[in-house]
Each structure stands twice: as structure tokens, then as C-alpha cells.
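Same chain, two partners: subunit A is paired with subunit B first, then with subunit C.
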Partner chain A sequence: MSTIDIPTRQRWMRALALSPRAALESGLAPHLPPPDACRWLRRPQTGLVMVEARSGGSGARFNLGELSVTRASVAVGERVGHAWIGGGDARHAELAALADALLQDDARHAELMAGVIAPLEDAIAARRASASRAAAASRVEFFTMVRGE
Partner chain B sequence: MMLTAAFAQPVDDAQATFRTLLSALSEPLLPRALPVFPDAPAGVSPAAAALLLTLADADTAVWLPDGLADAAAWLRFHAGCVLVSDIAVADFVYLPQRSALPDLPTLKRGSADYPDRSATLIVDVAGFDRAAGVTGSGPGFAAPRRLGIQGLAGDFWPQWTRANCAFPLGIDAFFVARDAVVGLPRTTRLEL
Partner chain C sequence: MYVAVKGGETAILNSYRLLARARRGDAAVPELSLAQIKGQLRHAVDRVMQEGSLFDPELAALALKQAAGDTQEAVFLLRAFRTTLPRFGYSVPLDTAAMRVRRRVSGTFKDVPGGQVLGPTADYTQRLLDFSLAGTGSANLEEPTALAEPLPERLPCVLDVLNREGLIEPETPPPGDPAPTDLTREPLMFPAARATRLQNLARGDEGWLLGLAYSTQRGYAESHPFAGEIRMGEVTVSIAPEELGFAVDIGEITLTECQMINQFAGNGSAPPQFTRGYGLVVGEAERKAMAMALVDRSLRAPELGETAHAPAQQAEFVLCHSDNVEASGFVQHLKLPHYVDFQAELSLLRTLRAGFDAKGDAQ
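So, the complex of A and B:
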């Protein structure tokens, strides 16, 4: 169907899902197809998914908690875009699904990756770095005192 | 391959259709109008598509005849159901018009402990005729009722009788034609 490999698609889907809606709205505005060129296969729907985790990353599996998730699917021409995002923002899911469909188009892929996805990824990395700095600044070192005997 | 949309309002439309199907099974052989129709994939009538979307979910296995690849992809996407190639394990069996009739007694008929774990047929037919055809009586009939089901395979009724000879084990069916649906549970006694 398309020449794009799964890790590349995962990369842009991650960027689309983790970015705030306003950033998608402004970044995608010049690229969005007219509304009558989009067939919505699945309008945004919000539901719950159970997030599972492993203690220590490798221990027994347990249910960490439920996360609300919004999904949407759209066909733009022959390409079908899907989006699954955390939270209940329907417009965010719509934008992410549209972007997923457009990014599968080889003719526009490079332009969108450089013009939309790369800035989103930079912003995600910057947010992450500043959160890590804030956490590191409040770090407390614990020392074990050895009692003299 | 081209995916199409399904119900415009997935929850409301499926609930309205489900209510109609309950009525159809509680008064067998009485045609009822379906309330809403989805975009159907190639090879599936809109009425049958409405039934499949309403009844199939992640816990059900659906059997489709060969050659309905678009419909299989569509159903997997919208209903999330399992599509099986072995008709003996299917919960729902869809038969388009003029398709070959599978051997009905080989369908899942439930067990003595769980007779409800059985298959349900969804059959596309040409039309219904209240002035001719089979006569039914039993639960859901104030008086015996006649209904002709047009466009059924020739050996449908003999096979139906053999599939339902071990009550309470057996199979149930919905017939759809254009915008109407008719229910036929295994409890109906038929005079052919």
C-alpha cells in the first residue's frame, strides 16, 4: 500500500499524540485537505483502556490504571489515517488522524516530516528536558548513617 | 480495497437496530422495518450490514462466504469481531442472496447445558409475501401466521428442520430484504 515502514509511522504518531492540540492546529493549518475531501470512517470516540505495567519493568504484569483514550479514523483519497490519543479531546484526535493520512502520501511526506513533525518532536524533547531539570533540582540525597559501635 | 464508514451514530443506531431485532425474534415471521442503515461494503446489503454491525463484537466469531474481502476488512475494523473460515465455530453466519447454502446441521447448535451457544443465520432474501409460504405457530404467535420468504435456497427448509430437530439445541435466523427484517427462532413450529 505504501512504502513507509512501521517505525517511521510510529515516530510521527507518537509526536502527534504527545503534542498539545494547539500545536497541531497551527502546524497543520496550511496542509489540511478541504473537509469534503475527507471521509470519516470513525468519528472521534472516547473510551477507556486499561494500562498495564510490570513492576520494575520486568516483573509480574499488573493493572496500573485506566486511561481515557480518543480514537478517530479518516480516509483522505486512498489513504486511511488513524489516531489514538490520550484524553478526551476530539479535535486533537481528528487532527492527528488527518495528519497520519497525509503523511502516508509519498509526495507530501518529506515536507510534512520537516515542517510539522520535527518541530513537534523538538518541543516534546524540550518539555521533557525541562521536566527532568525540575525533578533533578528537587532531588534529595539520602545517606545511611552507620552507628558507631 | 476501500474501507467505508459504518453507522453515522454508532451507539444510537446499533441500539435502535438491536431493539428492532428483539421485536423481530419475539414475534417470529412478522416483517419489521429496520430504523437505520449504515454505509455497506461491496457484497453486503445495507440491511444485513446493519445487523452485522449491531450483533458482532469482539466476543463473536463471524463467518462470511468467500469473495467478500472488502466486507471482511470492514467488519473487522468497525465491529472488531473474529472472522472464521470454519463455519462450525461461527456465532453468526451471513448468507448473501444466491449464495450456496452451507450444510446447516453442521453449524454450532449449542450444548445441553448452554443451548444459547449456537449459531445465528443472517440471510439476504428477495422479499416477503404474507399471503403464501410457511405457517408458523408457537411462542410469539397469538394465532398461526403465514409468511413466504422469497429467494431462499431450494433445500433451505429441509436443512432447517434437520438442524433444529434436537430442541433445545438448534440455530436461529434473521431474514432481511431491502428495509425489512424477519426473525425466526428455533422455538417456532413450522408447517411447510
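So, the complex of A and C:
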């Protein structure tokens, strides 16, 4: 069995879910197992997840509406990879499930984390920082009026 | 009552063909792509997702294209499509305080922690038609002036300031943090819990909510609102699938959240404090989030000991008429054959008229 802990697995599953499919496609291309080494326990299937929120942001739970989600499960050797991806992209879920299986393999884990997951995480962080900087450019500094500067 | 009619197959097939041609318009003009609709008509896509209650921009764009821009028809198409999909489960409740904010304003405090962030808003435009957009490639696409510092990762919530002083009613989960009623699974029953009302309002017609919200401001319910905080940005969605046994992030959605602050409630045991109205909608949709927050607050009248005398305070009236798929269906069903019904009415009227005329002749 794999020695990988849950937070580490959550970390790579997050990176795989939040990245565009094209980034997974190119990052994983050199690492993907041959098709006959993969046993699909669940081919990609699109369905709905009801998104819950809280009244006032922190109060009682309520149902906000449904999100399209695609899931897939694959066995590669003795590792079983799962993917749950927002949206209806079957290929994205396939790639994420394969990556999840491969990343549980201690022999390949470090290489894939450094070569595939870390660049995806960097891209997510860069995208968020850029959006945040753009928003910050429209920040209003009302207090400068009070100080009379 | 309406009855089934037979025949007309060729006419119906031809109506499909006419519809398809009308949708396409002038064939010499390039066809719209879904990417164009998603990218350039984002508010229309957001509205279809809200009222269709299905968060999928690709499908919403397709529905808009198929419906030729008829928002409510597109909503109907999404609602119909969702019935074909399996339900995988429920998400972990969203944490909107962790929103990656692109816009955040407060109408109550000028110095909010983290500052006011205007974001991509039309509020400060002159609302003059921009004829440069009539052509292509003539839009003015300057980058915002560069600012080195991004916003803080978590922008503090404005209402926390009042909450810390105990000046606003606290918003905490009830004991046991129970799962809410799901209106896609259970019928709407009265009295409806606030969680049920919020689900109904979140998928409710924006025009309906806007009109009701406006009525509360014009005096048909006294809630004296202030926009405590409006924020828009991206929030991560997580679920905890059975086969994993732990939560995973599966994507992010754009949300607009409105926290209304309203006038005091209090009684012998509770001190006077501000009350809350809450709006949360998918996409960039400030008008709907604000309207939802106003109507949420007005519907809380009975639980806050207020007299419910105005339409916007009456849950049955508000919630039973908010769904535009139901409303549009019932209004438009009048187009269906009511021939037998109408013949009965006509014959009754002829009888009455004959009686009336005979009486007139006799006099």
C-alpha cells in the first residue's frame, strides 16, 4: 500500500481539479500508462452535486443550486485512482483519475509531484495572484480623503 | 381543461424548420460560438445558470444559443436537461468568507478592513452608448495600472465588526447543523424554513425578486436596509465522496454575496440589534443578490415579531410565484387547445343571451 497521507492526496487532487484540461494533458503525457494497463472501474460519468451554502455566510445550511460534476475511477496496477471534477469534461476526469492512481505509487510519487503537480499549483497561484492584483488596482482609498493628503 | 388533438405533423415539422432558420438569422453573418456567448455575454449566462439552478456555463451558453437569447426559455432547457443527470450528492457548505474577492463594497462603512474594491463594475460609467463597440476591435482594452500588492488572501467580512460588538444578530448554525430541505426533491411546504426560502429565492426569477424588493423600499414592508457588504469573486467547491472518505476540492464557482443590515429587533430577553438579510447567487449578479437579501429579510417578518401585511412579507405569495419555469408554463398553457371548455362557455353564453333577448322582446 501507499504511504501517502490524506492532506498530500487532497493537495494533488485539488491541483488536478482546478487546472485546465490542456495543462493536465501536456503535463501528464510522458507519464500515462498504456491503455491496457488501466482497468476502468468507472468510466467518466457526468452528474450533479447540490452546492450547499450557509445563510448569512455562517448560519444554517441551505441549497444554492446544482453543479455539473464529472467523476471517474481507474485501477492502474494495484492503485485505484479517483477523480471528481467540476464541469462536464470527461477527458479531464479521465486524466485526473489516472494521475491520482500514479501519484499513489511511492516509486513515482516524488517525480510526479515535482514534474506535474507543482507546475499546476504554480499556474493556479499565478492566475489567482494576477486576478487579485487586478482587483487591488480598483481598491478605493477613502481614508486618504479623511487625512486630507 | 384542454384536450389532446391529433394531426398537424407536417405543420409541426415545418415549424421546427422555421424556428431553426429564425434562430440562425442571416446566413451571411457568422454563427455565434459558445465561447463567444460565455466570454462576451457573461451576465446572460449567469442568469440562466441562477434560474436554471444548474451551474454549468457551457450548457447555459448552449441553452441561450438554442433559445435565441430568450432567457426564460434557456432556463427551461437547463431545468429539463438536469432531470436527465444522476445526482452524485451534496457539497461541503461553501465558505464565502474565503472568497477570492474581485469586487467588495460596503454601503455602511467607508473604512472596511481590506478596503473597498470596485472591480469590473458598470456603477461608475456614464451609461452613454459606446459606439466604438459597434465595430470590432475598437474597444479600449487598457490594462489596469499595475499594483504590486495583491489583496489579502481572506478579506475580512464587514459584518464581523458589528458582530464582535454584539450589535447584529449572530449567524451561527442551529444545533446539529441539520441538512436543509431540498426543493428539487421535496415539494415546497408552509411554513417554510429560512433555508428552504433561500433555495427558492436563489433559483427565483430576478424580475420577480427585484419588483418585490423594490416594493419593500417603497413602504410595503419596513426593513430599513443598508448594504453592509457586497462581494463577488471565486469560491472553491468541495465534496466528500464515499469512496474517498475525505473532502476534495472539485472546482471553483463565481459568486455574488450580499449582506443586508436592517433595523432593530429585540425583546425582553434580547437587546435591540441589527437584523440580517442574505443574498447569494452564482455569477456576477449584484442586482439579484441585493434583491434576494431584501426579500429574505422581509420574509423573516413573522419570526422577528413584525406584522406581515405586505406582499413581500408573505411567504406563500412570494415563494409560490418566484419560479419562472412554473409561471411561464402556466401562463403559456393558455395557448393549448381549450376547444371543449370554450365551446361549453360559448353555449352557456348563447343560452343566457337567448333568455335575455326573449325577456327584452316580451317587455
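The rule is simple: the second predicted complex is superposed on the first by the 135 of 149 C-alpha atoms of A that agree within 3 Å, B and C clash if a C-alpha of one lies under 4 Å from a C-alpha of the other, contacts with A are read in each partner's own complex, and residues count from 1 in each chain.
We take it that a contact is a pair of C-beta atoms (placed from the backbone, for glycine too) under 8 Å apart; a residue touches a chain by one contact, two chains touch by 3 or more.
Predicted, not measured: the structure shown is a model, and the values here were computed from it.
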Following superposition onto subunit A, is the placement of subunit B relative to subunit C best described as a clash or a fit?
-> fit
Answer with first, second, both or neither: which of subunit B and subunit C does A:A114 touch in the superposed model?
-> neither
Give one of first, second, both or neither to describe whether A:A126 is in contact with subunit B, with subunit C, with both, or with none.
-> neither
First, second, both or neither for A:Q45, with subunit B first and subunit C second | both
Subunit A contact check, subunit B vs subunit C, more residues touched by chain C
Which of the two partners, first being subunit B and second being subunit C, lies in contact with A:S138: first, second, both, or neither?
-> second
Now for A:A75: first (subunit B), second (subunit C), both, or neither, which partner does it touch?
-> first
Enter the shortest inter-chain Cα distance between subunit B and subunit C once the structures share a common frame, rounded to whole Å.
-> 7
Contacts on subunit A seen with subunit B and repeated with subunit C across the two complexes = 45, 73
Please name which positions on subunit A make contact with subunit C in the complex.
-> 6, 9-10, 13-14, 17-18, 45-69, 71, 73, 82, 84-88, 128-129, 131-143, 146
Residues of subunit C that touch subunit A when the two form their complex | 49-50, 53-56, 58-59, 82, 85-94, 96-97, 100-103, 110-111, 115-119, 144-151, 157, 159, 171-174, 177-184, 193-196, 198-199, 202-203, 233-234, 236-237, 239, 241, 243-244, 246-253, 257, 259, 276, 278, 280, 282, 296
Considering the complex alone, what residue numbers of subunit B touch subunit A?
-> 2-6, 10, 77-78
Where on subunit A is subunit B touching in the complex?
-> 39-42, 45, 73, 75, 78, 80
